[in-house]
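One chain, chain A, appears in both complexes that follow, with chain B as partner in the first and chain C in the second.
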Partner chain A sequence: MVFEKKYRGISSNFHREIYVSLYLETNITRLMPHPQKIVILGHFGVGKTSLIRRFVDASFSEDYLVTVGVHVKKKDIIINDNPTTLVIWDIEGNSEISMSRSSYLLGSNGFVYVFDVSRPETYANLEAQLEYLKEHFPKVPVTIFGNKADKFGEEVSKAFFEVPPFTECFFTSAKTGENVEEGFKELTIKTLKQ
Partner chain B sequence: MDINEIFYHQKLQLVTVDYQGNIINTDNSIFHLDDTKNIKEFHPIFETILTQICEESSGAIAIPCLRIDNGIEKKYCDLRLKKETGYITILFFNLTTRYKEEHTNLSINNKSSIVENSKTNSNHISLL
Partner chain C sequence: MAKQEDKLQILRDILLTDDRLIADAINQRVETITKQFEEEQEKLTGKIDPVIEERLQQFIKDIPATLGPTITETLKTQVENSQDLVVEALYPILGKMIKRYISNEFAKLSEGINKKMNNAFSFNGFKRKLKSTFTGTKEGDLILSELENPIVNEIFAIQKGSGILLGNYSASETVDKDMLSGMLTAIKSFVEDAFKGGNQSLESIQYELYSIHIQNFHSYYIAVVISGHYSKSYESDMEDKLYKVSRKLSSGINNMPREEVDAILKSLFKEWES
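And now, the complex of A and B:
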């Protein structure tokens, strides 16, 4: 209605054309947000690649294939009826984020920090790693995944993770798919609010 | 073709695109992009990196060791992007051989480290 009223109020065809193109440009941008760059962080072997494979390709393999450098995948998702594109950077594992190549992290819209619930060395420095992100990327939202949650009960006690800093975690399983989509969706909502 | 030309012909590809990613020019020496209109169709990294370079004060970005899987073979390339007036230059350096060696070494190291740590953890549990 506002569009029509303003459109009719413009007398020259030339200015009407400019108005229409500006209106479309503004509204298309609003409907289709820029693709969001998401970087997956964490130690090697925690299941970063498997989580992406589960989320993007809906598949899983037990084989451990180490990631060298960066592998980028794309996924279109719908959040609150709005289509969004995630560009997910699967980077090589490091025990500390400061060891990652800085160019991989630049321009990120969101981070997923992944640890393995069955390997204490992958979450021993979790608080320090989150502090590093807060200091160097204060505006970029972070979601934490405690992966390999399918091992709860047999090797690992879930009760151990019911205290901070684990209370905010998504306990995921790339093997079964548990919580994977939910975790990525929550991060996307956070990134779109930025 | 002399030895230098052969080396660079197989190792280096220069692509120029406009700010939206439409390919203006390419030499096809590593990847055949003749049928690709927009570089974003070739690899998802370009979905965000072109916007990023336009916002970057230096107007340049370097991404080492990018895995590019075109469905037929996997290649590992270093990527350099530079913003010029009206277009962006993209350079691919094909370093597949070097990075595949690194991949093998890293694979062995990571697996042995996981095994070593799991031994320590199980010792710790038994002591408790």
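And now, the complex of A and C:
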């Protein structure tokens, strides 16, 4: 309607043409979704920051730096030919999600829950944590990353994780890059369906 | 005698022929090797040079990571051990800089005041006198407040909670706006959570010459980055303008395309500029 008023003075056919093209353009921009907020959860030292660094900057470092507070990163990706922006919140590790600052989780479009395949204490309460997310954020999709998968074979048996609740997990390695992009892409597809 | 000479020559020939042949063969071999070496050198140079160049570039690139901490540590120790020397060296430079800055600021101030005084009998001057009489504020203070007008640098409309940027307008290109709005929301959330002041919201952040004025609405907030000092009346005026803009935004900001929100914020920005 706004455009109709603007081009009132122009002959009717031309007017319609401009109106249609502007209308289409507006609809195209409408199809561009707002950035998706993704929050990374999990215990201390499971590799949350390293996964983000691998995914966003394609880099890895063995140095361990504790995340204090929150760090926000951004990544543009293409899903089925559609550009999408992910704003990833890397929050400090906690053994339980309920201990995280609740305001950091507000308005999330998706969660990544990360555990370390070589440290049983980081996945011992996995089911309880997933239940917590289901209860408090029922509409928000969750993807689980079993990180440090490069240790499979030497310290850890992969067969151990072939039963629930690990069957849906992405076994990732921030070190080698294995499955990192795939995991984030799957979560983005789920968030866009919401 | 001649016969003896001939005999000696024959004897010399017999004895030295083999040696000469060996010497010739060695010379030939040395020549071949030298030639081969030269050719190989050319080939190797072509192959090795880029590798060395690449390694060199990598080394230069790695300097901050490899040598950086050592250099920093060394400098730190040096500075700590010779504080007096550092102060002595920096004192004249800093002194000159401060002096120049202050005299520059004074020059600007006096230029501004002169301009205002020259226009004392203009309409604005008359208005100022009137304002001074009615409000009780000294005319000098009014002149000073007119001199340092705050400048709006950026405006952001950000979704509450998620920190997703819904739209923005900036006078200059700065850091990534999406990341900035995320971090700003994280800071805001942290302050609002940490001090547990009930349903209170963070309304401004100040850092030296800049302030971020935050105006909260139901599902979003608007952050305005301002440089320079601003008075209460300026703030109140700004709040009124933001409320006016919110009437356009509040109905559907979460579903509006970013370009539309950007355009609304741009018109508000232009209004401030003029």
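Points worth noting:
The rule is short, and it goes like this: the second predicted complex is superposed on the first by the 165 of 194 C-alpha atoms of A that agree within 3 Å, B and C clash if a C-alpha of one lies under 4 Å from a C-alpha of the other, contacts with A are read in each partner's own complex, and residues count from 1 in each chain.
Heads up, the rule we're going with is that a residue touches a chain if its C-beta (ideal position, glycine included) is under 8 Å from a C-beta of that chain, and two chains touch if they have at least 3 such contacts.
Fair warning: this is a prediction, and the values are worked out from it, not measured in the lab.
Three-chain overlay on chain A, with chain B and chain C in a clash. Contacts of A:Y132 after superposition on the shared chain: neither chain B nor chain C is touched. When the two structures are aligned on the shared chain, A:H34 is found in touch with chain B and with chain C. In the superposition on chain A, A:F60 makes contact with neither chain B nor chain C.
Once the two complexes are overlaid on the shared chain, A:G69 sits against chain B and chain C alike. Of the two partner chains placed around the shared chain by superposition, chain C is the only one that A:S102 touches, whereas chain B remains out of contact. Contacts of A:R119 after superposition: chain B is touched, whereas chain C is not reached.
In the superposition on chain A, A:F44 contacts chain B only, with no contact to chain C. Residue overlap on chain A between the chain B contacts of one complex and the chain C contacts of the other covers 34-35, 37, 69-70, 72-74, 85, 87, 101, 103-104, 106-107. Every residue of chain C that touches chain A in the complex is listed here, in rising order: 159-166, 176, 178-179, 182-183, 186, 189-190, 192-193, 254, 257-259.
Across the interface of their complex, chain B is touched by residues 34-37, 44-45, 64-66, 68-74, 85, 87, 92-93, 101, 103-104, 106-107, 119-121 of chain A. Within the complex formed with chain C, the residues of chain A that make contact are 26, 29-30, 32, 34-35, 37, 69-70, 72-74, 85, 87, 89, 101-104, 106-109. For chain B in complex with chain A, the touching residues are 43-45, 47-49, 51-52, 55-56, 61-67, 69, 76, 99, 102-103, 106-107, 110-111, 113-114, 117-118, 121.
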